[in-house]
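Notes to accompany the following structure.
So that you can tell them apart, the chains are marked A, B, C, D and E in the order they are listed, and the count of residues begins at 1 in each.
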Amino acid sequence: MNLLAPQAALAAGVLGALGLGLARRPSALAARLLALAAPLAALFLLRSAVPGVFGPLVGVDLKGLCWQLVIFAGALPLAFLSSGDDVEAALFLGSVLGMSLLAVAGNLIMLFVGLEFMSLPAYLLVARAGEGDSRLRLEAAVKYFFAGALGGALFLLGLALYYADTRSFGPAMGPLGPQGQAGAALMAAGALFKIGAVPLHWWLPDVYSAAAPEVAGFLATSMKAAAVLFLMRVVSLAPDAVFIRALPGLGALTALVGAFFALRQQRLQRLLAYLSLSHAGLLVIGVGAWAVLGKAQAASAALLFYLGADALMSNGSFAFLKASGAVTRADLRGYAASAPGLAAAFAVLLFALAGIPPTGGFVAELLIFWQAVHAQLAVPIVLGAIAALVSLGYCLSLLRDLYFEEAGSAAPAAPEGCAASGSRVVVLVCAAGTLALVLAPLFLRGLAGSVWR
Amino acid sequence: MIGIAVPLAAKLLFLAPVAAILFAFFVVRPLKPEWTHWPILLSCAIVTASSFYLAARVLGLFGIAGGSFDKDVLHWAAAGKWAVDFGLRVDGPGAAVLAMVSLVGSLIHVYAAAYMKGDPGFSRFFLVFHLFFLAMIGLLTANNYVQLYLFWELVGLASYLLVGYWFHKESARRAALQAFMTNRVGDFGFMLALFFILSTFNVAHFNVIYVKLALTQQQGGIPVLLPAIGALLIWAACAKSAQFPLYFWLPDAMEGPTPTSALMHAATMVTAGVFLLVRSWPLISAVPYLPPVVAGIGAFTAIFSAIIASTKKDLKRILAYSTVSHLGIMMMALGLNQVALAIFHLVVHGFFKAVLFLCAGNVGHAIHKPTANVDEVGGWRKAMPWTYACFLIAALSLAGVYPFGGFFSKDAILDAAWENGGLIRWFSLLISFGSAFYIFRMLFLTFHGSRPEQQGLKAHPHEAGAAFVAPVFVIALGAAGIGFAAPYVQELVLAGWRGLPTSVAAVSGVLNLAGSPLIPKLDWHGQFGLSGLMAALGFGLSYYLTMVDASWDWRWRRNHPRLEAVFESDFGWKPFVALLAGAVGAFARFCGRVLDKRWWDGAVEGSAGAAHGASEALAGYSAGRLNDYLWWMAAGAALLLGGALR
Amino acid sequence: MSELTLLWVLPLGGAVACLVAGRFGRAAARTCALIFGAAYFVVSLAALMPFVATRGVGLDAVGGAPLAFGVSYLLAADGLSLSLILLTAFLNLVCVISSWENDVPAGYWANFLALASALTGVFLARDLFLFYMFWEATLIPMFFIIGLWGSANRRHAAVKFFLFTFAGSVFMLLALIALVVAKHGQTGTWTWDLAGLQGAPVGAAGPWIFLGLLLGFGVKIPVVPLHTWLPDAHTEAPAAGSVMLAGVMLKMGLYGLIRIALPLFPVYAQTWAPVLAGLAAVNAVYGALCAMAQTDLKRLVAYSSIAHLGFCLLGILSGAAQGVAGGSLQMINHGITTGALFLMVGFLYERSHKRGLADFGELANTAPWLSFFFGFAMFASIGLPGLNGFVGEFMCLSGISHSPIPMLDVPFFAVAGVLGVTLAAAYMLPAYQAVFWAPKGPESVSEHVFDLTFRERSILWALCGLMLWIGLAPSGWLDLLEPSVRGLVR
Amino acid sequence: MTSAVWAVTGVLFAAGLAMVVLRRQLLAMLLGVELMLAAVNVALVHHAGLFSDAQAMAAVAIVIAIAAAEAVVGLSLILRVLRAGRGVDAGGLSELRG
Amino acid sequence: MTLWAVILAGAVAAAFAGVMLFSRSLYVSAVCLLVVLLQTGLIFLLRGAALLGFLQVMVYAGAVMVLVVVTIMATGGEPEAGFARFADFSFPRWLAFAGLAAAACEVALTLYLGGASSAPVSPADPAMAAGFSTALFSSYALATEAVTLLLFLAALAVLPDKEAA
């Protein structure tokens, strides 16, 4: 039962939060402690987890374990920052639980369960969590919901088709027939929707930009990691699935679209949302390369590293929005003069997001490009490089606002209170972690022997 | 290369000026700038003594043994098998010119100490002036082309700084720039020639090149690049020695102080081109068609500038064109394979032209101007007797009147031209006529005439003092008597070549020096008589037009303004050059402002703008409609599906 | 910690120390910067000394076991690396001293030291991963230096600088990756070790890889169609920033060519040489022509850099001993000379907040030391023999005119190069005359320009002394550099 | 038989899809979602019988439950939208754009 | 026989689905959906999955549809006349329709290509039908539990926001 210990911890957390709700005056502190304790416990229990199979539904492999690590780590900032009540704690923990179920899913049914499990609470989380006017959050949640429902339905249709062809909810034994091909493609569509690949991406900027920053960070990191794993699982089903060939192109297109749309954004959170989309494109290229390379361990390690770095970069940058109270780009003007430490941390994160050394973001981007080169995906690589260039363009203009401009007349008042200082801590920790990640070659030395031979 | 130690005198040639300049710059100038000239004059004395010692050494006079030498002293730069070493070469041509340069130069230093006294830039002037002196010495003692080029550029630098000495004057700035740029255009050829020499011979040392070339010639051929090398060197010499088509900078360079004009732009620096060709003559004469080209350039320039000199009114400009003319004569001598004659005329010209310039300086000084116009002077022979006397001696020398120096050198060259026959024979007669005409016209207008058009009478001319006159007089003595040194100079040149054992065979084979006469034949029936006659004609005509028909000059200018404009523009050559320079400037502005800034950088910046534009355009497709989103999702899934079924 | 590690860690530590010292006031920060700058200079000098003794022969290396991703911590230094590091340290010190009186926060000093650290890393790294890290890391401090302490249009220039140079390096990164992948295909092991990557079987991708490397290095040099970032960046940067930018950062491109692109692809280095040399020739001439058209003194000097690096490139490509050695020497020369010029333009700007040619006049009278030093550096820059510029240009062009590589020995390149030398005077001298000689115009701000202070003169004496030293006796320097680049000689 | 089942599934799924994509009212769209899920169930049930696979049956049961959960979440969101005064028209939800 | 029954049920379902799609009234749509779901339940029954058919009817007809109807009532019932059924798009609406129709054709083609090759239809296996319910609580227990938990979580949706509370 060691296999599912992290899930058990999370489920206990969910139940605890639900139980907390039964109290007449639910303690917010208890809810927050629960939200923090459950993922930490899950992380802790993950240490002793080993690969194994449990029934038809659960198949824990190395990939699943590693991915859970990233998922939990990516969720920690939200756990730490969540200022919500027991309901939000339950929703948050439920979503994480869904992700971890997806990570350990042994067949397509469980995969579907995991997909819906992580999505449904997330819709509600988007709608509920956060301060101030809920109009936009609600709109985002509705959009998210319908897009998600459609994505789920497409996946399900694909599942049925695939099942009809292969008689299996697991990997295909032989070559796929047309029905199986169609099924795999539709399932991939469901997964690509979750990652946000063009043209199934439209919901993503709306959701990321309207949700509370810390929730957006959670979606951009843990959820994205889960989605990538989801796609990889679909790819693993049938190596001869035709859609795999489209992945690098779709990824490059996504990267470009994300980069170009981000260019004109004035609202910071939306800008970061498109930036995240651009990164998602790179991840899809990476998955494509991983598939081309015969699911090489090195390639999945690259994806994992990218997601890990992204967990720091994206969470940190979204948390910065919360910490600084900056909403539009104009709010950033002259910010470095008033808060040098936070600005420096944000600068580090921006350089990391743009993939500039010496940050972990660079190593991450390098690893993905490396796999892509190895897989000889020439055109996607060049398009991806162009997207990286455009991304750098607006990261630099943000830095320019941050450092080189004088403060405007209406500078945002720095948010006060516990949440703001908590998010400051998150920003600083993420920035420091991003910097430290550049030493990856050093501290991943042990892995070099096994993965990077 | 040769196992002879460098004599102290040769070391002093460099050490003294360097020490003097450093001492003057770091010690004297901060403390007492008006004393800057003292260490420098001391250095001049040392250098003059050393160079005469070296000349004597080459000749073996006064029991001084040693002869010529050529020795490397410094590994300058090396990479792999490529190496350039710097050294000293003291041989005949070098020693001959060196002696003249140091003597005349030192005297002009003395003159300058008086002339420049009280000028705010006195200290700066002397430092640069002496830097030039140093550079000229270096040029004359270089033993390879790279080193020669180094000093060649340094004299150009000094020229630039001194022509632009009065930099508050627009004309001075422009003249300085023009001088430097024109020389750069010439250096284009020199530098390219250097590369070709290095790639052809793998070495830049004169003596090694001579030997290698001789060996090649013995095998019956010349290196492929040799014609190019020769042509480029001639081009370089044309710039430095102000030959057509690059002569035009020299008259304008008269914007500098008079000592500068005398030393650099008359006596020494401008002869560097001739000296370069002397050094390169084995190379150039190995290409059969190059010497006639040199002779042609020289002869044409000589006549061309003599004509223009005859029309000028500014004293220094007349002398400048005269310098150009005489440099042309030297080139002509070279072109006729009269190397020793060319050097001899170089030396003689240095003397008399320095005198002429310094006299012009004295005249200008009398009216408190850097230079004088013939309109401002006239009939001053009584007021300035010493200056007049010196000028007369030099003028006679220039015109080639026996027994003055010019007779021995210039007429020997004309003699050689006559012997050569062909077109150049008639050119030589014209030169003889022209030289006499313009110099005596200048003499009469300045010292004799007193016409109403001239304002000289209103001024009160006077001699400026012993310091102004004494150095001039000493040089004038030299100008008068140098002709009798001709045998020594010939011996010096020949001995110089002979003194270098490794190259003697090659040189004597290539140069064919033995047959060159240094003394003009006193042949009344041939060229000598004719050229004397032409000179006399020139004298007579100038006398008639300035003394008899005294206002002729002013009249024709008034009556023929367009004709004057033609002369003023050097027969249209100056506007043409200005046009060329303007075209280059316009092209540069096109490159810098339009091509680079507006078009190319505009495109680069525009690409950022285009990215933003694309972003804005794409935004139209994101209207925020939920149904759009879902439709796109369905479409995406359908596309994937379609792809999967293909 | 080995000496080579110390070389790049020391200035980085200095940067951190400056930031910390900044808490105790600006004076403390700058003192800290001076101390670390001086220490760094001394250490780099000490590191070079053994090579002086051996006339540049030998290699000082730090090697580590491979880390993850086939990356390893490999540093190595030879005469070329250490000379460039010494140049970096020297110019860094020059920058610190020259900005001594500027009232700037600790970040200023920290950025300069961080820049020096990254540059040192570039010149030391022998692992391509490490190399690229340092290569890109140089951009960040320079971005801040331009953007924070530059002149009016600094913000735009900073972004343009970063973006443009990154556009080149991103393709370089892809090329490096492709190289690593190709080697992996041959040996089955991942390595970024420069020595280990020799002879990777690149196959049909070879030209593309080479092109990617050229793009990365070419933007930095910059080679002409890729140059338009340079005038803006140089013009808008603060004086000391321009010094580092022109003095050292442009050399990274050439260094990359010498160290990586040409040795890894000896065949392309020959077959592509005519094209590259053609571009270099265009650099020399076009840079000069553009410089002639400028009315801003700093822009003019910036364009002159383009022209000068054309000579370097010609020399390095020539494959002749004198060209390659001369090209490397010219890298150092250009750093010193153009550094001095930018410094002085900066002094002018600090005094008057103007840079235009028409904004001054008669400075030779009111600021004689400035005009003396400017003239000195200017003549060094236009290649007056006896000063350093000539040595480098002469050897470069001598190399290209006597190149053993087919198609390169045609006189065209030498002619273009010499034309560039000729034109150098055509842009420098008029500018000099306009600023120092011409009478003051109505808009002149010359009266604000007081002469150089003792501190400024001391810096310039050091720089001009170097110019003279290299100009008169370059053989010692060449001995130091030549063994490092011998591999490029055909 | 299989063809018939798939035809039914396809037609229903297509109708549901059209409903979700094309209809304006949020509630109608939600109905479309339910229809799509139900359509897939038809195929799954048929194949469960075809392959004698209890797993597929279990899957159908789970899908039904999940569809119910989805309906709850969707309906609650729609009600919230309504309560926020933004109507039930999907076209009204377009403040987030660009 | 079963085949024809399935075809008939399918045809009815399809017809009502069409009405549902094009009906302006939400009530009509909801009722049509109910009919469609009942028909699918019937197909389940025909294919031997009686329990599932029952579940379908229970969950949808009994629970979901009630919720839907309540919500429709809460939203104010019928739209006024002139209310457009179909959404506006950023592009011409016919394009949206055409695109979707093309996609539907594509799906149909897929099904046509894939469906024909399937194995012969066997009568429903009663043992399997029974085994399914045990599977739900044995090997599929995890999924069942997860879905149960999910239903709890979904129920949280009805709780008001904390500001509102």
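Quick notes
One rule holds in what follows: a contact is a pair of C-beta atoms (placed from the backbone, for glycine too) under 8 Å apart; a residue touches a chain by one contact, two chains touch by 3 or more.
Source: prediction; values computed, not measured.
Where touching is counted per the definition, the chains common to chain B and chain C are A.
Counted as hops between touching chains, the shortest connection from chain A to chain C is 1. A centroid comparison over C-alpha atoms places B as the chain most distant from chain E. C-beta contact counts were set side by side for A-E and B-E; A-E has more. Chain nearest the geometric middle of the protein is C, using mean C-alpha positions. Compared with chain D, the chain whose C-alpha mean position is the greatest distance off is B.
Put simply, the C-alpha centre of chain B and that of chain D have 97 angstrom between them.
In this assembly, the C-alpha centroid of chain C lies 70 Å from the C-alpha centroid of chain E. If you average the Cα atoms of chain D and of chain E, the two centres end up 6 Å apart. Rounded to whole angstrom units, the spacing between the C-alpha centres of chain A and chain D is 26.
Multi-chain contact residues, meaning those touching two or more other chains, occur in chain B at positions 608, 619, 622-628, 630-631, 634-635, 637, 641, 645. Along chain A, residues 56, 109, 113, 116, 120, 124, 134, 142-143, 146, 150, 161, 164, 178, 182, 205-206, 264, 393 each make contact with two or more other chains. Of all residues in chain D, those that touch two or more other chains are 2, 6, 9, 13, 16-17, 20-22, 24, 29-30, 39, 51, 53, 55, 58, 62, 66, 69-70, 73, 76-78, 90-91, 93, 95-98.
Every pair of chains meeting the touch criterion is listed here: A-B, A-C, A-D, A-E, B-C, B-D, B-E, D-E. Per the touch definition, chain C reaches chain A in the complex via residues 66-71, 129, 132-134, 136-137, 139-140, 143-144, 147-148, 154-155, 158-159, 162-163, 166-167, 170-171, 173-174, 177-178, 180-181, 184, 188-190. Interface of chain C with chain B (complex): residues 160, 163-164, 225, 228-229, 231, 286, 289-294, 303, 320-322, 324-326, 362, 364, 379, 384-386, 390-391, 394-395, 397-399, 401-402, 409, 411, 414-415, 418-419, 421-422, 425-427, 429-430, 433, 436-439, 473-475, 478-479, 482, 486, 489. Listed in rising order, the residues of chain A touching chain B in the complex are 142-143, 146-147, 150-151, 154, 178, 181-182, 184-186, 188-189, 192-193, 197-200, 202-203, 205-206, 241-243, 245-246, 257, 260-264, 390, 393.
The touching residues of chain B, counted against chain E in their complex, run 620-621, 623, 625-628, 631, 634-635, 637-638, 641-642, 645. Contact residues of chain E toward chain B in the complex are 87-90, 96, 99-100, 102-103, 106-107, 109-110, 113.
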